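Here you go, one structure.
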Amino acid sequence: MAKEKVRERGILSYFDYRKKTVAAGYAIMLAVLALLSYSMIYPFLVTIFNAFKTRGDIYTFPPTLLPREWVFGNFKEGFQFVDIVRYMLNTFAIYIGSMAFAIVCIGLAAFSLSHLKIPFRQGFTLFFMCTLLIPSATYMIPNYLNLKELQLLDSYWAFWLPSAANAFWILLLKSFFDGIHKELFEAARIDGASELRCFIGMAVPLSFPIIATILIFGFTASWNEWFWAGLVISSPDKYPIATAVYKYVLSGESNNIQVNVKFAVMTIVMVPPLLMFAFLQKYIIRGVNLSAVKG
Amino acid sequence: MMKTSKTIMILTLMIAMLLAGCSQSTSGKNEGGNTGSQGGEATAAPETGDKEPEKVKITIQYPKPDQEVERLAMDDRIKRFQQQYPHVEIAKSDWHYSDGGAATLGVKLAAGEAPSYFNTYATEAKILTDNGYAADITKYLNDYEFKDQLNEKLLDIFKVDGKYYSFPQGGYVMTIGINAKLFRDKGVELPGYDWTWDELIEAAKAVNEPEKGIAGFAVAAKSNAAGWNLTNFMYQAGEFVEEIKDGKVTSTFNSDAGLKVLELYRQLRWEHKVLPGDWNLENPDMSNLYKQGRLGIIFHNNSLNTGINDGGFNVEDAKIYPLPSMEKGSPNYAITGGNFFVINPQQSEAQQEMAFKFITYDYFKESGIENEAKKIEERQSKNQVYVPDLMPYYSLDSEYAVKMTELHAEYPGVVYEFDKEFLNVFNQNAKAEPPFHAQDYYAIMTNIIQEIFSNEKADLAKLLKEGSEKLQTEFLNKVEL
Amino acid sequence: MKTEYVSRRPVLASRQFGKSRLYFWGLLFLLPEMIIFCVFLWKPIIMGMYYSLFEINFIKGNTFVGLQNYFDIFRDDSFLKAIRNTLWYIFLGLIMGFWVPAMAAIAISELRWFRASARLIVYLPNIVPAVALYGVWRWLFEPIGPLNKFLSVFGADPIMWLTDKSMAMFSIVLMNTWHHFGATALIYLAAVMNIPKDLYEAAEIDGAGVWQRIRHITLPSIRMIFVLMLIMQLISNSQSYEPQLAMTGGGPNEATLTYMLMVVNDAFRAFQFGKASAMGVILFTTLTALSILLYAMQRKEAN
């Protein structure tokens, strides 16, 4: 923490702010960011405040942000339909396993593509990248049949193992590894470090910001995935939260759940990703000091 | 130093996660096994019969958690069913057609994991029967003791070449909803039930206030629902879309009648401007506007539930209307729709038979009436209104219908009381969907509607001609009679 | 390229033994990922390609139809329209959306206060349930909604954001950029944060202004990410369908019908899985050919 404070400077230095044009530009930038932030917070607030509205209040037109009459019973009613805690834990189980597989397999592969000697480097890159060029919806059924054949249906392995099959994350991690100077690893190798040590001891810590980013993306993906998860998992007690909420709260025409209760459920469901983000984003920090890594 | 310890921490964490993963999965597999054997325990007891039939396993659709009453009723039904048929093992499925429709059904069928039967809608009838994804239930139906008392109009929706492919759950004839409060506030009289297109336009204009976001009238303009809605008007204009001529199916809607309907749509949008500014709507979107009090008239079959139970309208403010007719006295055709049970054709004959027995287990029985009473009481406890099916599975002349009516009469103020006069007229001219390639025809009409709504100068005659030709060449020509 | 390949081959063979040691770690590290890709991606993808030659029916059984699915696609009126719309969407996405996340990342990295909050805020749309997001945007796009109210202050006529054929795609790109730039901005942010600060320090001492520092240090440092994100945006936009499905359903009159939306409609509404697979194969072939072409052009330029 202390280290960060010392290095705290970006493109601008304190000296720059004294220049009129820079200060003006900075002010404009702040104004734009503020406006943007407002637009981004708005739907978030709508979700939260709708959870405290009466049903009639939600259908008032034109819509108001704040409830006219605060109701607190919606949350209790929401909990009655879905065992939110259990489904959240399920999602966490899926997420943690997926990330363990993804980071290890993808990290090793990206490191290999970036810093190790391999034949047909372009070929391998293409082998991974081409999978992005065909939309998954067009091979959804073979995908499902494949999981059935492997007997992975209705088990979390169906999420954990394929989580590493993500070409985008490989390319992302690879391009970050590419940014690390080769000399660093050469030096380590001369000192007798194994490749595994180079990877774990240097490449990974140096890429903390992007790994944290991937962990955030992974969480959002696990948290929001309902369609595929709802197909693969058939035991209701193993559903991840998104599937449970979609199936039991949001979908269906003969739904008995009122709209304000739906918003209460959605509000609760937003909490873990927020906490997760707040926790992980701390790792997206200013450049790590290289000398610290070696020791 | 700090960095190294952090790395080690992360590594141990990762390993811990991997281990946690392994244990999680094994326990998961066990759970899967349990659900399968659930039915087995129940069957264990009455094994004394001399001619023990072979075990049959069926997978039933279990209601979602918000349907508490239905869940209890289903548990009860399973118990009673297994007492009568101890050789049947029953597993609960949580998959519903509404969770992604055709896409998920396709996947489930591909893997042989679809439930023994599933619930679907009238609009899906053609696509399911065309693909063979609905089992032929004619022989079970013929053996069914209450066959004569079933509502024939509903049965006909899934009837192809004299064979039946589904069992009705409950249905409706297309109707219109009116927000009477808007009319009262404006001091405008509501039209009569024998209303015409012109009266519909006049009524819509009377409450139309675009600057306040209130539209006089809304009809679906998005997805195939748009074409489906429009077809009601087609029928009213005397245009029945397709006909069989010289052993061929011919598209007929490139006609004066067809043009009149497009002209009606054009006028609604451009001349009278009574549609919502954001006219690209399907049913849920229209319902939302209705609940917000932003629609005077809504073309929607479930407007009572939407308005009263979801939108919080006063009971007298949500009016249900029959569809209008083109001119005074001409027939006010309305398409029938509803919910249906389809039996999975992948299942063995024994399974299909049991699935049929299970679906119909409470039909025409005391237990069915008890369930109905429970559903009404559930609404009552929530201060809501129970809207009975306008076209239940039983025929309205049957004994069972009398019993149901008696039950409904026991709950005045809870069971919605339809206006007598409305009941007399709403289904006089009920009609089924066009028989061939209805979905493709709807898709074509939806594009035409959107063209008319987004382009003031759209050439209606040309659109109609091209649409009709497209239906003919791309789809109807392939039909073999 | 070809000659090079041939000339390298004997060398490879003769040094096989030595090379295998040299490549040991590299290939070992690649192995788990290779297995996972083969089992969980390539296998279903290739099965899907095989499906494209069949009429898929799970009850009656699949019928081999050769290239019939492909002919059907080329005969479909909507096909060309969908391609045109998709290209239009990609183009709008590039000019309206591509630069936003990078700018946002640089701006956020320069914040002196609330940097953490700003990061959280731009990422919020990825956390808020889609139902709420689309609901809010519907309201924004209403003919009498806030956007038009804002325009009317300047005396502009109200815009039919979603129901005007020439506006609808634009509106969707606007919404989609807003929705997704936060995630991409995080990636740029990670890259921008990784730039050693000494570089700025040195440049400043050399008298480089703020803009020059951005142009000559920041942007070149994140060039790799820039290129990667460009490719990713092109790929993902070529497969976009969710915002269209949610906001317009492809209308008005197919003005926002994208290629993928057509696939989804075929596969998910009409049970035409063979045709949907075939459309996937067409997209795959086109994009792969394009990538190879781009790659070859790049090589030529480098030489």
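A, B and C label the chains in the order they appear, each numbered from 1.
The rule we apply is simple: a residue touches a chain if its C-beta (ideal position, glycine included) is under 8 Å from a C-beta of that chain, and two chains touch if they have at least 3 such contacts.
From a predicted model like this one, the values you see are computed outputs, not experimental measurements.
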Chain hops separating chain B from chain A, counting only touching neighbours: 1
Pair of chains joined by more contacts [C-beta pairs], A-C or B-C: A-C
Averaged-CA centre spacing for the pair chain C and chain B, given as whole angstrom: 36
Geometric centre distance via CA averages, chain C-chain A, whole Å: 17
Sites on chain A at which at least two other chains make contact: 104, 140-141, 145
In chain B, residues with contacts to at least two other chains: 100, 103, 106, 110, 213
Shared-contact residues (touching 2 or more other chains) in chain C: 267-268, 273
Partner chain B, residues of chain C touching it in the complex: 57-60, 77, 138, 141-144, 160, 162-165, 248-249, 251-255, 267-271, 273
Partner chain C, residues of chain B touching it in the complex: 100-103, 106, 109-110, 127, 131-133, 210-213, 221-223, 277-280, 282, 345-346, 439, 446-448, 450-451, 453-455, 470
Chain A contact footprint on chain C (complex, rising order): 12, 19, 22-23, 25-27, 29-30, 32-34, 36-37, 39-45, 47-48, 51, 56, 104, 106-111, 116, 118-133, 135-136, 139, 178, 182-183, 186-187, 189-191, 193-197, 200-201, 204, 210, 213-214, 217-218, 224-225, 228, 232, 235, 239, 260, 263-264, 267-268, 273, 276-277, 279-281, 283-284, 287-288, 291, 295
Touching residues (chain side chain A, partner chain B) in the complex: 55-56, 59-62, 81-82, 93, 96-97, 99-100, 103-104, 140-141, 144-145, 148, 153-157, 160, 200-201, 204-205, 227, 230-231, 234-238, 246-249, 251-259, 288, 292-293, 295
Residue ranges of chain B touching chain A (in the complex, touch as defined): 1-4, 6-7, 10-11, 14, 17-18, 20-21, 24-25, 28-29, 31-32, 35, 64-68, 93-96, 98-100, 103-104, 106-108, 110-111, 113, 213, 288, 291-294, 302, 310-312
